[in-house]
Structure formats: C-alpha cells, structure tokens
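Every chain is named by a letter (A, B, C, D and E) in the order it is written, and numbering of its residues begins at 1.
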Amino acid sequence: MKQTENHSRFIEEMKERSGQDPACCLQCAKCSAACPVSAVMDLLPHQVIRYLQLGFTDEACKSKTPWVCASCFTCAARCPRDLDLARMMEGIRLVALRRREGNRLNPGELTPEQLKQLPQQALVSGFRKYTK
Amino acid sequence: MIKSIKKEHLAHLWERLASNGPLYLPVKEGPALLFKPWREGAAVDLETVSSTVSPKEVFLPRDEVYMQFSRAGQKLELHPAVQEPAGRLIAFGLRSCDLRAVELLDMVFCRKEPVDEPYAARRENTTLVALACGEPDPFCFCTAFGVDPVNAPGADVQAWWNRDDLVLEAETARGEALFTLAGELLAERNAVDRPERPATTDFSLPLEGLPKRLKERFDDPAWGRLYRSCIGCGACTYVCPTCHCFDVQDFGHHARGQRFRCWDSCMYKEFTVMAGGHNPRLTRKERVRQRFLHKLQYFPENYGVYACVGCGRCLRSCPVNLDVVQAIRALGGETVEQR
Amino acid sequence: MPRVGVFICWCGTNIAGTVDIETVVETARNFPGVVHTADYRYLCSEIGQDLIKEAIKNEKLEQVVVGTCSPRMHESTFRKAVAEAGLNPFLLEVANLREHCSWVHQDKTEATAKAIALLRAAAAKAVLNAPLIAPRLDVEKRALVIGGGIAGIQAALDIAEAGYPVDVVEREPSIGGRMAQLEKTFPTLDCAACILTPKMVEAAQHPQINLLTYSEVEEVKGFVGQFDVKIRQKARAIDATKCTGCGVCYEKCPTKTESEFEMGLAKRKAIYVPFPQAVPNVPVIDRDNCLYFRKGRCRICEKECPPQAVYFEQQDQILERRYGAIVVATGFDQLNPVEYGEYAYGQHPDVLTSLEFERFFNAAGPTGGKVVRLSDGKPPRNVVFIQCVGSRDKARGMNYCSKICCMFTAKQAILLKEKVPEARSYVFYIDVRTAGKGYEEFQRRAAEQYGVAYLRGQVGKVFPDGDRLTVKGVDSLSGKTIEIQADMVVLAAASVARGDAAQVGRVIGINSDQYHFFNEAHPKLKPVETHTAGIFIAGACQAPKDIPDSVAQASAAAVKAVGLLAKEKLQGEACTARVDQSGCSGCLYCEAVCPYGAISAVQIEEHFRGEKLTRIVAEVNAALCQGCGSCTVACRSGSINLQGYTNAQILAEVDAICL
Amino acid sequence: MAENNVDYSAKIRGVVAQDLLSGRIDLLLGWEKGHYWWQSRPLFARDQADLERLAWDSFCAVNLSRYLVDELKENKKVGVLLKGCDARALNRLVQDNMVPRERVIAYGLPCPGMLNYAALLEAAAGRKPDGIAEENGQVTVRGGGVELTVPRDRVLLDKCRHCLYPNPVHCDQLLLTPVGERQAPERFSAVQERESLSSDARFAYWEKQLERCLRCYACRQACPYCSCRECFVEQEQPRWLSKASQPSENFMFHLIRAYHGAGRCIDCGECQRACPVGIPLQELNRKLIKDINELYGHYEAGLDPGQEPPLLTYRPDDPAAFSEK
Amino acid sequence: MSLAQNRPKTEAATAGMEAAAQDRAWEPLIVAFCCNWCSYAGGDLAGTSRMQYPSNIKVIRVPCSSRMNPLFILRAFQRGADGVLVAGCHPGDCHYSTGNYLVRRRLSAFKRLIEFAGLEPERFEVRWISSSEGDKFSEVMREMTAAIKALGPNGKLRDGRWRKIT
C-alpha cells in the first residue's frame, strides 16, 4: 500500500465537496459500530477515513464501502467529533467518479425487468449517486 | 462718483472684486446669514437687513495667533507668529448700524494708544461698502441710537438699491480704487437721490441721561429680576457688532505651541475667574449687569457714545428673549420698573 | 518644568541591536525638562540602578524616565531604585523599548524612530507625574473554604494547622463530598472511607475549623484581605446543640424518598443523615418530603427524639462574616448520559453510570456490597464498560478529556473480578490514558491479571435482548464489528462542572471557562490563584481531577491563603481615583460604574451669596478603589481623575506620540 | 393659546395663584410675552401682580426646568410649568441629582407643539404677519389685511415636529386636558438620510454645518442634560480644547457634547432651537439615541427616573459595533 | 493616495494630503490604547515571541479599556493620527471584572457617532486581546496598518494648526 502522488489533491477536493476533514477523526470507530450496513462493507467506515488520513486514497476508492453507504446518517449522528461521514462518503464518490472516466452505472445496464421493478426514486438517486 | 450695476450682473462683480484679496459679504449658510469671503457659488444675500452675526469678524477674527514658543530641556524660546500678510480686503454690504459699530471698534483698537496692530492692519487694508436699508427688520431700532439706515458715515462706498439697480457712490479714495478694480462692470450714472429713510421700530427708549441713571442704579434690585432668565450663553455677545472682548490662550503641547487670541464673552462664568478660583462676577446677575452697563454706561463714559447701535441682533438671537431693550426699559426710565 | 532624567537600557543587544541608542539619547536630551541623560548595557543590574540613584542625587532629578523592557517586567525594580534615592517611587515612567519595539521591528531606522516616540511620550507623561502613596490595608485573619469535599477539607486543615481560623461552607448536610461516595481509590485500592473519614473527623474537631454544613454562600463583597461574605445556614429543623446523633428519628420516620448519596439507587427517610459516617452526625429534615411540612401532621420524630432536638420552627440563618482569603473547592458532577440514547441509559435498569456502579461495591450501599443486576438481582457475567461518554465529544461541545475515567474503570473492573470471580469485563475505549504514579501499572494489571478485555473502539448501540443487553461495538484494531451479550453496561460519563458553577462563580466574583470550570489566573504559573486577588481554587471545580491532584492543589491553595493571611498589612493600589469636589455636580454616575463600590456620596457645605448651601458630591474610598478608571469616563466634567493616569497625562502622551 | 376662544392663561393663573399666594410655593416659573406677539420669555412670578403677566400660548418654547437648579438655591419650594419635553427635562435633572424633586411642584401642560416665527413668515408669503388665530389644528396668519390659513404642523418649531410625548409625565398636577397622542413621527428620518451618504459626503456635510459654530454654547446652556457645574470645554487642566474657532475644535465640542448625552438626551431639541446659527444639533443626539436603542434595547431618557441610563449598565451578551472576533 | 484625492478639499483634509504629497513614502500613524492586564501584556507576549508587526503603531498603556475617554480618541485624530485602536481584555475576563462590558457600550456608541460625522469605520477600531494572544496582537496591528494604508492619510477631524507648530 502506498500513497498515490496526487493523494493530497484528492483529499483536498473531497474536503471541499463534503466540508468534512478526515484529520478530525479520533478513530474511535463509533461510526462503524453504529453502521447498519457495515456487514456488507469490505472496509469499515472508520477504516476508510483512516486510509484517507494516511493518504491511501486508492484503497479508499477501490473499497466498496463508499458505494454501499446508504447515507442513513447514523454515523453522523453518533460521531463524537461532529464529522458527517455520509457526506464524506459522498465526497469520495464524487471525486472518484470525476477521476476515472465512465460512470459506475449506466441506463443500458439495466434490464427492462429491473426498470419495471425499481421505484422511480431509487433510479433517480441511483443515477445521482453513481454517475457524473 | 456714482456708478451702478444691474442685479443680475452682480455675480461678475463679486468675481472681479474677489480677484485681488478676500471679498467679505453676507452669505446664506443654512438658516444663518454670515459675512464670509466670497467663493464660487456662495449664496450672497443683499436683501435681508441684518446678518445673523455682525461683520466684526472681518477685522476681529474669531482667533488669531500672537506668537509661537518652543521648549528644549529647561529653556523656553519665543518666536514671532508667522503672520500671513494682511492683503487688501473688501467688506461689502455692511449696514449703517454695522458701520457705526466699526467706528466704535476703531475707538477701542486703533484710535488711541496702544494700537492693536493686527486689528489696525486689517482695518487699514479694508474697503468698506455700506448698503442702505430698505424695509427694516422688526428687530431693528438703530434710529433710536441716531443711526441713519440709508446713510453710513465712514464707508468708502455707499450703496443703495434703485429698483433692480445697485447704485454705488464712492466716498473715499479707497472707494474709487474699488471702482477702478470693478472697471467696466460698473456703469456710469448721474446722481440718483438716496432712498427714503425708513422708519425702524421705535421702542421709545429713554436714552437721554441714561448712563447717569444707570450709574445710580448699580445696586438696584431690578437687576436681580432682570438677569434671571439669562441662561449664560454667549450668543448675544458673539452676534453683537460692538462686543469685542477676547481671551488669550495657548495651543500645542509642552514642547511646542502657539499663543493666540480668540473671541470671549463676559456672559461666561469663566470670563472673570482668577487664578486661585475667585470669581468677582459670581453669578449671571453680575455678568448680565456688566454687559448692559458696558454698552450703556461705561462705554459712553469712556468714549462719549453708546456701545449699542440698535441692530437688533441680540433681540433675534437670544434663546430666552432677554435683550438690551428690555434692560433699558427695566432700569433706564425715569423710574425703575418694579417688575 | 521639573528636572527630568532619561535613562536608556541596551538590554545587551536586545534593544541596542535594533535601536540606535546614540540617536535616541541625543534626541531625548532636548525633551522638555530633561537635564540628564544616560545609557547602560543592563539598566536593571546593580550598577545600572546605581547609575540612576547617583544621577537623582547629583543632578537633583525630580522625575525619572527609563527606556527599558516592559513596565510589566521591571517597573517595580526601578520604582524601588528611585525610592532608595529618596524620590517618590511614582515619579518614574517606563518606555517599553523592548517588547513593544526592538523585539517586534527589524528595520533599525523604524525601530529607532518608534523608540524615540515612545520615550517622548513617557517623558511627556513623567513631567506631570505626582508623588503617590499606596494605602496600607488591614487583613482579616480568617479564611473561608467553599466546599467540604476532600479538597475543601484538605485546604481547611492546612490553613488551620498554620494557625488561622477557617470556616468551611458545605451545601450538603455532611462534609465528605464525592470521595465519600467512593468504595476504593486507585491505584492503591485502599478504601476511600478509611482515608477520608479520619480527615472529616479531624476537620470537625479542629479548634480552628468551623464547619457550616447545609449552608450556601449568598454574597461576596469587598476585596483581598477584607471579603465580606453572606452565608445562608439552611434550617435543618434540628437543634444541633441537643442532637446526640442517636438516629432514632430516622428509624421512626414514616416517609421514604430517594437517597441523593446513593445516586437514587436506594431510599432514605424524610429526616436523614446522608450516610452513616456523616460529619456532623446531625440529621436534616427534608421539607419537600416531610409529612409535617407538607401536610401539617406527623411530628413522629419530634415525639421520638430522646433529647428533644427536633425543632420544626427553625429558620434559615444569615451569617455575615469578613474573611481575608477564600478557597473555592466546589467540586464536580458526573454527566447524566440520558441524552445518549444509543446507550439505553435510563431505558434499562442494568445500564449505569460509573458513580452509580461504584455504590454497588459499598457494604452500606444499595445492594449491601453485592454486585447484582438491578433487573433480576442476579450477579452479572458480562459487564461492558464504555469510555468517553460525553468526554472528547466535540459534537456536544465537550472537547476535553475527563482524565479520571480510564483509571476508575480499571479499578471497577478489578473490583468486579474480586466480587464476582466468574464475571468478564469488556472496556470499549478510544485511548487509554494513565499518566500518574503507578497508574499505568494498575491499568495493565487489570488487563493482564484480571483478564479485562480492552477493545479499541466505540459502542454504536446498546439494546435490550431478552433479559440481557446486546452491545454492538467495534474493535478498530482488528477492524471487526463486535457484539457482546452483556448483563450490565457501565458508562464512564464525563466529569462536568457543577450545574450552577457559572452562577456561583458570579456570586464569588471569579470567571470560568467555556465548560464552566473556574479559571486559574495563569495555566502554568498561577494554577490555584484566580484573577481576583485573595480568591484561590482547588480540586475538580477547576478541571477534572483525581484525589491526589485535588489534595495537592488544595494544599497549594492553602499555602497561598496562609501567605496572604500572614501579612501584617496589604499594599493597596496607589493609582486610585480622586474627586475634585469643586467641579463635581454630584450626578454620581461614577458610583454607578464603579465595580468596587469605592465611590459614595457625601454632603458638603459651601457659601453662596453669604448663605450656607449644602450639596452632594462624590467621594472615593482609596482603600476600595482598584484604579480601573471607569469612573473618569462616566464623569462628563472630568471632575474625577485617576492618579498615575490622569487625563492630562494621557493627553500629553497622545500629543507626544503624534509629534 | 387662545384656541376656541378659551383663555387658558387665565385658567392656569387661577390654579397656580392659590399655591403661590398660600405660600405652598415661593416662586412660580412660567412664561410672559416678549416685545412681540411671537416672543415669550420666562416669567419668575412671586405675587399676584407678576401672575397677571403669565401667558400660555403657542410660543412658550423656552424650557423652564433648567432654571430650577439656580432658583432652588434661593427658594425653598418652586412651582414650574412644564410642557411634555420640559417634564422629561425635569426628570433628567432629578436623575442627575441637580434638582431635589421634593422641592418642586410640577404643573403639567399638555403641549400641541410650539410655533416657529420663521415658518409663519413664510406662510405669510412676504407680508409681515401681525398676529395669528388657531382653531382645530389650523393656524390663520393675519398680515397686511390678508388672512392665510395653514395646517399647524407646517409652522411648528423643528424641535416639536417629532415630539413623542406631548403630555407631561410625572407631574404633581396636570393643568388642561391631555392632547391626543400624535401618530408616531419618523424622528430618525434625517439621521437615516445622513447615514445613507458616503463617509466623505457626511464629513463634508458636518464640516459645513459646524464651520459656522460660534462656540457661544447656547446649545449647552439651554440643554437639560448639560448640567455639569464645570464643562470640559472650559477646563484648564487639562485643556481638552480651546475657544479657537477651528473646524476640528468645533467637531470635538459637538461630538463630545452629543456623546455626553448618549443615553441621557431627552430629545427636547432646545439645543437646536437655541443655536443662533441654526446647526442641526438634534441630528447628532438622535444618531446616538437611535444606535443605543438598536444595540442595547429601547430607552427613552427622562421618562422614568428609576430606569438606569444605558451607558451606566451592561449585559454580558451585549452586541458591539466593532468586531469581537 | 487615490482615496485621499477623492476626499472633499477641506482645509483639514488637504492638510493630510499635502503631508502625504510632501513625503512620497507616507507611513500612517496609529495610536493604540491597550489595557495593562490583557492587551498590553499580549503586546509583551508578541514581543517575547518576536512576532513582527509594522512600527506604525505606538502603544499607550491604560489600566483598563474602561479608562478610555472618547476625548483621547478625538485628540489623537486632531493631532494627526491616521487610526486609533483601543484594545482590552475579552468580555468576562476584565481584570476589574466589568470594565470592558461598559466599554463595549460606550465605544460602540462612540464609534458609530464618529462614523456618522464622516470618519471611515476602519480608522477607529476596538479589539479584545488577551494576555495570551500575542499572535492576535501582532495580527491586529498588521491588519489595522494595512487597512489604514489602503485608506491613505486622514485629514478629517484634524487640527490644521498642529502641523504648523510641529
């Protein structure tokens, strides 16, 4: 694992988008303890932040965690340092999306069935979350 | 020599006259009419009879520097004040009462030794243009003091209105010099009769033998009634054309500074406070009495003429309507007013 | 013009390095009044001071100006020197050529120019200096200690031992404070009562100590050496002189209510002593719960009391006393974690704060010393301790570390193991902080010998699960989420300032920080002093503290107080306000703004037209005046002036600087 | 005033005569006519004959309460006629310990606002008015055989235009019936107008206004809050400022004079009325009233002598007009 | 300078401008009144920590910011100060417990008054600087000097005679 040379630019951009600074995190992991979807994460939320603190931005982006984050804000509510992790994850997603071309989700990939079953809202938020 | 100029051309005349030295004339400043050096766009007002503040400041500025001093270590050094040379002055539009007042000031400052240099210098360099009064102000009572509203002795130029013409008659060489300066702006004109002498308010003041009566009544209880309404401001003395008291003060700091004189008023309790705090004129009673007696008794005794010219400025300006007329009536009559 | 001497200090190269001393001296020579100038390498040195003294004698100087370091540094030094040369010490002015000039500017010409300006201002002020004499103030040789916890008791004992009478004001019916609630103390595990009780008794019996329990301070006026304090002694409804402490009254009392001492985990009577070892051992009738006070009937205690000590008509007493010094030791509270819903505190009987849990170990406690679940009375198998509940919680504006939690948690985990050998403890922590003699060893013992499981992580949720509690947490080191079936959850709730600390601070006249802990005068050099001279602070009212720190600080505060009381007289403020009665119109606006009540109205007589008239003018009590000068601005006529900083002097400084 | 042909002067005379003659008061402060019908001057009445001259009309602008300070040196008990503003002036003086209230009998005169001769002249359109008649809010100016009627508000003194309390407060006896409350006038309009200017424009404005100050101190002498025995202006040690008529000295005088009225000025406008050269001094006073009300809560000086003036007190959470960061 | 040119050509104003014109490298004069217990001490700390700031600021020591008579401030402007700063303890920390609370009211009213008279707001400032804020002390000094430099010399409220005698 090594720091990507432009990791600081990544983090600056993420900070700007989310208004959250990973440096404030104490690594108390209360977020992870509270997270309802931690089970399906490969990294626990506090670990993602840890990677950012250390500048391992690639790991942070490669991780599933930012993408499975449901933005339920439990972490934000629990965090003793007043950090809003949900925003931070959003920040990571946005930066990541703008960095690597192509969206993580394009309409073509969706089968008509899926389109039928999925509620409008889910689609809208899905595209907002996974596309530029 | 008589010349005249149309009302509408006066602006040009002001510009010309102001070209070689300050031209003082009555200018509207807010609600007040003041004698000010003419400046482009000044609201000159030759209609209103008497200015709020008298033109005395042309010769007796509100403050002027005497000398400078500096101190280094334990030694103190005095230097003459850097006096800006008193250039030619023109005072335009003084009324007969103002002219009489100037004469009174002359008596004090330069008719006899010691002569007050700064005053004398300004006076020497000033051309006086008197303006005859038309409709008098309700406050005017100059005639009571023998002032002729349309004829001002001592003026270098006597001016008066003839419908829309301002007619000027040079009385002295200085006056003629002014005509020369004005040049083509003034039109030749044959003699024109001076305007009628208007009737000013006649307060029927018992001026005959007044000083003598007042002298006897120095301790009269009437003073104790008269002064009460006075609030002790200096408005009357500062608008008055004949009041001429001044104070000497220092400006600066302990290392360097200047000594100057500035208007002062016998109405202020500080006027007579002595080093050590004693004040011979303890209350407003003594101060009010002093002011009126100075005008109506002491000055006549010293100079043989009243130091009031009936301009009515104090009647207009006193915030509580206490004035010289009231004083003369209360204490000057055959008998003292009992109220 | 007085004869002025100007002396410039090089301060080695500190001043001379950036300020051209020669130019400064040359210029100073021509300042008004100056008859003598000199400069020296170290003016504050013996030789430097002699330089000044000699000049005063030889040159007959009447005013002295020194250009040196900050007046806050050496003004007193030079005042002394000037005084030794026979001048009044206040005929000295200091120009700050170091801190305010040479140290903050590099350009030599600029620094020199500024030095000259500052010196000119000082000289301009100096020529207007007048001799001043500081009033000498009496010291009331008695101290007041507010708070009867371990810190208060220690401070009182130390002051008393030094031979000065002390009054201790305690809000509760008994002294003892928080420590009395504890079972054992870390890191030695000796019993709190065993070490506290003797001190309580000692305090009670000490001839110099006067305990005012069940009392509160209502007002503090005056100033160092002479604080006038109003103390309300709440009515116990017991005649303490008769009471023998036999305890019949509370045996017989029919009314029960929650015991504060037991953190509401047990009941007490309406007439009660908070705990068995209470000092004084005199009951109190709690009027909110007493049948007689509520309904007007009962009076059983009165009937039963052998010495007839019950006295329902007793009223609050207001005691007014003067003290020379005050020690504030009002202690702390433990945060009520009810707002942390995720921990289920208040929702489940087996979720406790550590202070509540502490009572479980006490033989006289709610469970008679047995550690059992309140829910079913069974001993716990799994106990989860959660650290930093409220502490380090930026989100709730509590950024600080409560300092003692790591240690008392380790202690409780150990005690638990001793009481319930089969029990297992889990501690969720963010960091373990054990700075202190024997502390780290103690904590390690808990982990290594007592098998306490330390998990670096926080708990996200505690929820009831059958008759147990599920604790959902994380071990951040392994990156694993962890679920524990717990029987009890103990919350290390933050130590917080007393709920009314800010208000109390206002009454006493000391200020507090954003968490309402009282402020020390200087974080390093004046840890027990406050900004108000003569008032000192000790214990957890200043910041979270363990017992040793509180005791140490208490003794420190005591020494400060004793040092003050030992003084024959106190030097008052010399630069005080003064009224020119001739100009004073008696509007007394000055009185309204004076923070010290130093200004009062007096009637003077004067003659007017031969008659005697009386009128009101202001008068300054120089002993009370501290010289802030607020009055001089409230006075429109400038009739009240501040000596040493007169209107004329400040104007002279302004003029000089603007030259 | 002789509105609706009721001689109020006689009414007032009747009441105060009893007190004066019965010795309840040694002196009555009232008004009498001056040289002209548009002039009134203070009356110091000691007996019936004096009282005959007492005249209450639309020109009794002079505030009488300030005279109490001196008159109480020579009299045990003084009665004084007070308009709305004068009554608050009395409270001001009482609050400043200049006047022992118990030695004053305050007779309140509800005041419809006093008239301005200059304004009447304008209304008379060039003719010299030789008298007026008033009837329900209208003023009829007689002059040169012609009569012109104008609404009263148009010919009021400046000081009366924005009067909030025409009815006297805290009087011992209210003579005449209270006048109706006037609709809240925008007394700060002039101030706001000035505030909207640029700094330089404001400075130019004030420099022009203050340039003509004579330093006669009429403003100070007429003012109920300028109650000092010794004004900073005249102090020798230190010399705060000199009598020299310098722009900066004039600024110094007027700014500090206004500042000394901060939280104390009752906004009676006597300063402006007394000024012989018509400097808009009330603007400075009102600026302070406005700001202090905005920053530290509404306060009306002279209404309640018990209330602490705003600059003598504080709240820990006060706002500031400067950055507190 | 440009600002100075826009100013009304009053006697006082021009005085300031000429002064500036004569001396190309015009430097503003700023008088700072610091309370002895907090701000002056803050200045000392700035010194001991060698925090550099412009030498334009000259400090006058007063016991408490509540000693600040507005007359002192006007006097400074009369005598040619281009800016005036009053600094005191933070509210609540006043050595005399309530002084700066009163100052906040007094000087807020006064600041608005002189701004009403035409003075630029930047020219008169009040700041709370504690004895531990050496950094803030120097920062304020830098800021204020910069702000006044941007404004140019002050002629307003200035006494024309002062330059003549000095």
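Convention: a contact is a pair of C-beta atoms (placed from the backbone, for glycine too) under 8 Å apart; a residue touches a chain by one contact, two chains touch by 3 or more.
The model shown is predicted, which means the values in this text are computed figures rather than measured ones.
Student: Which chains make contact with chain A and with chain D at once?
Tutor: Joint contacts, listed by label: C.
Student: From the centre of chain A, which chain's CA centre is farthest?
Tutor: B
Student: Report the chain ID whose CA centroid sits closest to the centroid of the full protein CA set.
Tutor: E
Student: Quick one: report the Å distance separating chain C from chain D, using the average Cα coordinate of each chain.
Tutor: 52
Student: Give, as an integer number of Å, the spacing between the C-alpha centres of chain C and chain B.
Tutor: Distance between chain centres, rounded to whole Å: 71 Å.
Student: Could you grab the centroid distance between chain A and chain C? Build each centroid from C-alpha atoms only and quote it in angstrom.
Tutor: Those two chain centres are 47 Å apart.
Student: Counting only residues that touch at least 2 other chains, which ones in chain B make the list?
Tutor: 251, 283
Student: I need the residues of chain E touching at least two other chains; which ones are they?
Tutor: Residue numbers touching two or more other chains: 70-71, 75, 92, 98, 102, 106, 161-162, 166.
Student: Sort out which chains touch which and give me every pair.
Tutor: Contacting pairs: A-C, B-C, B-D, B-E, C-D, C-E, D-E.
Student: Which chain C residues qualify as touching chain D in the complex?
Tutor: Chain C residues touching chain D: 582-589, 592-593, 608-609, 611, 613, 616, 634, 636-639, 646-648, 651.
Student: Which chain B residues qualify as touching chain E in the complex?
Tutor: 68, 82, 251-252, 256-258
Student: Along chain B, where are the residues that touch chain C in the complex?
Tutor: Within the complex, chain B contacts chain C at residues 71-74, 253-255, 277, 282-283.
Student: Please output the residues of chain E touching chain D within their complex, sorted ascending.
Tutor: 6-8, 10-13, 70-71, 74-75, 77-78, 91-92, 98, 101-102, 104-121, 125-128, 156-161
Student: How about chain D: which of its residues touch chain E in the complex?
Tutor: 191, 194-195, 199-207, 232, 240, 244, 246-249, 251-252, 255-256, 258-259, 262-263, 284, 287-288, 291-292, 295-296, 310-312, 314-316, 318-324
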